[in-house]
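First up is the structure itself, then whatever we jot down about it.
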Amino acid sequence: MLETIIRAKLAERAPLLMTHIVIGYPDFDTSLALIDAMVESGVDLIELQIPFSEPIADGPVILHANQVALEKGSTVDRCFEFAEHVSRKYAVPFLFMTYYNILFRQGVRSFVERARKAGLKGMIVPDLPPEEASEYEAAMAEVGLDPVYIFAPTTSPERMQKLAAHAKGFVYCVARKGVTGSSTDFSDELSSYLARARAATKLPLAVGFGVKRKQDVDFLQAHAEIAVVGSETLRVLEQEGIARVGPFLRGLRA
Amino acid sequence: MLETIIRAKLAERAPLLMTHIVIGYPDFDTSLALIDAMVESGVDLIELQIPFSEPIADGPVILHANQVALEKGSTVDRCFEFAEHVSRKYAVPFLFMTYYNILFRQGVRSFVERARKAGLKGMIVPDLPPEEASEYEAAMAEVGLDPVYIFAPTTSPERMQKLAAHAKGFVYCVARKGVTGSSTDFSDELSSYLARARAATKLPLAVGFGVKRKQDVDFLQAHAEIAVVGSETLRVLEQEGIARVGPFLRGLRA
Amino acid sequence: MTDSIRATQGYFSQFGGAFVPEVLQRTFDELNLAFETARNDPEFWRSYVQLMGTYSCRPTPITYAENLSRHFGGAQIYIKREDLNHTGAHKANNVMGQGLLVKRMGKRRVIAETGAGQHGVATATMAAKFGFECTIYMGEVDVARQRPNVFWMERLGAKVVPVREGSRTLKDAINEAFRDWVSNMDDTHYVLGTACGPHPFPEMVTYFQSIIGQEARRQIVEIAGKLPDRVYACVGGGSNAMGLFSGFLSDKEVELVGVEAGGKGVTTHEHAARIASKHGSIGVAQGYKTYFLQNQDGQMNETHSVAAGLDYVGISPILAHLHHTGRVRFEAATDAEVVEALKLVVRKEGLIPALESSHAFARAFVEAPNMPVTSSILINQSGRGDKDIFTVADALHDPDWVEFIKKKAEAYRA
Amino acid sequence: MTDSIRATQGYFSQFGGAFVPEVLQRTFDELNLAFETARNDPEFWRSYVQLMGTYSCRPTPITYAENLSRHFGGAQIYIKREDLNHTGAHKANNVMGQGLLVKRMGKRRVIAETGAGQHGVATATMAAKFGFECTIYMGEVDVARQRPNVFWMERLGAKVVPVREGSRTLKDAINEAFRDWVSNMDDTHYVLGTACGPHPFPEMVTYFQSIIGQEARRQIVEIAGKLPDRVYACVGGGSNAMGLFSGFLSDKEVELVGVEAGGKGVTTHEHAARIASKHGSIGVAQGYKTYFLQNQDGQMNETHSVAAGLDYVGISPILAHLHHTGRVRFEAATDAEVVEALKLVVRKEGLIPALESSHAFARAFVEAPNMPVTSSILINQSGRGDKDIFTVADALHDPDWVEFIKKKAEAYRA
């Protein structure tokens, strides 16, 4: 149903904005304040990352956030409580983002079940390719949550087809090679890659990794439905303070 | 002629006493003072050691003396001057004791020649076995100096015979294994070794290594003609001062 | 190598797999293809054996430990001498093999993680020989305790990057290496140092290390006249163990014993025994599924070992599989037992095993006395202990060494 | 070994001999007899080769230095890998051989001098393996600059005695060893570490080290298809050089080059070039006749080299002889050239030669560029440079290393 929600929102404005937090970073209160700011700023979707000790797909900024969150006691249970709290409080759709071991340890089936009860709409698991995901997909389908899959610039058209066949809700296109947080040049290369993505799936496309400025978002308007802002929000928080987060987010589509 | 001198002295007293200095240790004046004290104490023969940088047959005490003497500038030339001076001054027979390289570097022939001119009577070269000594023996014979050879407790009767055939003046019996300066027990073992030595040669026997006390000298009376006091004199000098050297030497035969 | 060690769809029963970010999928497809092609080309293995025979000194010998055997009065003790490899450990086998593969793939840069520093030195050495650019990721803690290896890596032209994230040891170095790889996979190959990580690494590293077992089986039969009753190897990630074990897997009468780092004791939480302690559980991290030391949430625990090379949260999925099938028995040796074992080996045989390898000796010494003198055991001396001089000197509280270091430092201050 | 290397009455033309105190004559008679008997017993050499093949990793390989050859664009460069020996240098060959001889002679204690510490470690290792008591004499200066080796010697159970006499380096350690020997010859054998000293040592050490040349000649012909044009070895006492050269002595077309320690330059007096400088002259010391660095009185001079193992006043009488016959050409390499050569070898080939061995490389690198690409040279990497980390780190002024040592020292102070 994520797709339906997205399509509805797209009728009003495009591109949509998806933001991201690491639950419990820098602490739970601030995490909450961040969500408030995001919602007030009209953000359309929010990724809630459950911290993991080995986040291989994340760069320095989010890696650091994961570690601090864990030190601050961001257990899986508290992450569920937090997720339930915010999804009750706000209408905006929330997704879990985390690494597979977090699901695996809880038991994939029960983790997914809990996630649905907590009111989440979908999940992004960057280290879980469809080849390893049968149990996960079955459970997600059963409880009615959308497994979001990822395209990379290195993904062949054939593989995009395959991934699309497994994906629900939308497809997350990482804008470039590398990890989260480093910068991307929004170039023709990117457009042609997104064109390939578009050709491979009817699902909405979300583009993340390195979205920092209004120009980036504007560039994406022509190629994708959703602009994803991750590390940059954390950077603003850390360097300019929570008060600047709202203005920063609003500025992206002003 | 060393032998003749020794036999003559033996007519008066036995055993004879041979002492030893390292030329230039602790300095030339003290070396001179040592000779004076030795002569005054009625010493019968004196070894003048020309210092060498690698005295493998010497123990800590004399090794140290060699090094200090070299640092104090005890060159071969100065050693010859010193030897000439004392042999002119005193009737007591002097012998050179040194390692082969000192001769070799000067040229064996010319070294021996100089030694005779300087008034020495013989030479002891602990690292020169007869197998390596043909040039040395020829030169010594030519100028009329006596090559003194060494017996050790490890020397077989056959080899003693051989050494005796090369030796002149007297045979130097090292009382035990090891290097100069450590102590020896004057035991039956020693007597039987000296008996073997006696059987191998008609030459007078000098016994050195570890002769320290009157008892040692008394013990030797029955087995040898000459008691050799080496390191112990240096020990007395270093620990009790030059003034005690005379009394110490006189005490050995009092 | 023995075909018994082949994954089915990347798995060894339930262990292994390839849990990698989408951006690396193509790189892994290429790697799988390159490895398969190489493995099916007999010329490749020949060129590998040839390289190891001229650049390192393979076959490494088996040494009969006469004095230790007499000392314990039990099993006859034989030692496979991987310490005689160039760079001083079995790590060279895997690294040189992957070097040949990198040449085939036409890449120009290699990266690697390192714990003890042995794999880093081996990789830097391979890079120098093959003319590759080289970056080594090493936990800050390990940089400190293995400085001599860092010094040589830099001389060899490698860039050594201290990893300050997480527990700042091996696992974090692996994460950093992956982060580098997802950005530079086009011209860069990640030379994983042990039989862990996403498929095909466990299988590929085992393939190269199997040269140990191939030689050892032939040698021991020749020297001892029969197969050993037990074979011991220390287990960090599992590469030296898999390398040696692979030669005896199908000899059911040979018991295979893997020795993990018992640290301060498997009842404490300061160890790295994923299987030989009660604290390990199955999980998925660093791209593969195996036993990890993790909490109920699935967060990795800090581990401890006097041997940096064993100080790791995961274990080869192939060994996890062989644990389940019961083919390999797992034990742990504590830091204290290990230091004692090392001292004994040095004193009795004039051999200096690495602290890692000393784990295998420590366990063997517990069991050998209770075995008949007609029985025999084979221990893998995976590396030499020279590199551990700082650790060993500290463990033995050598006062002269301390004095020496102080003097050195003063001289530097002056 | 090639019979061309046999003394006539202990002499090689005018060099050699046995200038030993009478008390040692019998010991030398026994040693000569034991050695002769062993040499005439084919079983002895077989047991020696067997020991070196199982305890060390002989035959050590020859490595083709492809990168260095390309770098210099001249002669093809091949390297004999004595660094792969157990304990890290060719010293192991001589020591293990003498160990077998000591067993035959039924003695229970061994003593040795050591400069770099390599021979000391090798001897202590042999003693541990054969169960002999062991005392190592080492110049105080060398104890300081080779601490890691001292540490391992002590772990191996050896008593290390710092020699405070004379210049407190190798030659003084030899004197001290002789002083020990003349007191304890009944149960003690003096394991002289190089092809020097009284007959039969130069010949005996060469006999054991000739295993290097025997292997090398066979290997190079096999690998390069022909004999090398030139063969390079560093020369301290001369054992690794004689070991390698002995394999090519009768191949007149092969030029043999011995490289001495040029220290701060052969025009200064801070070097150890007995033949390649104008300062050497024939003399007799430490029991044999050869070229020494001595003054007109015959007193030995102090020598200098960045490589402790080359820092010695004398040279093998066999090499002095081969210098006179013109069979061996002598050159010197300075400390500075040597450190540069070491850095280059590490960077280009991933090999870490000892500072001693680096002298051979340094000279070869001067000559190789001027030789045709069709020509080939063989360099003896007599040992590995790990042991030199302190010296090399200092020579390269590595700031991280300095920091590391300072931190270590502070930790110890705490």
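Lettered A, B, C and D in written order, each chain numbered from 1.
Just so we're on the same page, a contact is a pair of C-beta atoms (placed from the backbone, for glycine too) under 8 Å apart; a residue touches a chain by one contact, two chains touch by 3 or more.
Note that the structure is a prediction, hence the values are computed from the model and not measured.
Steps from chain A to chain D, minimised over paths through touching chains, total 2.
Centroids of chain B and chain C (each the mean of its C-alpha atoms) stand 66 Å apart.
Computed from the mean C-alpha positions, the centre of chain B lies at a distance of 38 Å from the centre of chain D.
Per-chain CA centroids place chain A at a distance of 98 Å from chain B. Not a single residue position of chain B touches two or more of the other chains.
Touching of two or more other chains is recorded for no residue of chain D. Under the stated contact rule, the graph of chain-to-chain touches is a line, running from one end chain to the other without closing. According to the touch criterion at the top of this document, the contacting chain pairs are A-C, B-D, C-D.
Across the complex, chain A is touched by residues 17-27, 165-166, 171, 175, 178-179, 182-185, 281, 283-287, 294, 296-300 of chain C. Chain D contributes residues 53-57, 60-64, 67, 81, 84, 86, 88, 124-129, 131, 144, 147-148, 150-152, 154-157, 223, 343, 346-352, 386-387, 389-390, 392-393, 396, 398, 400-402, 404-410, 412-413 to its touches with chain C in the complex.
Contact residues on chain A toward chain C in their complex (touch as defined above): 52-57, 59, 63-64, 67, 70, 75-76, 99-102, 104-106, 126-129, 131-132, 149-156, 159, 163, 174, 177-179, 182.
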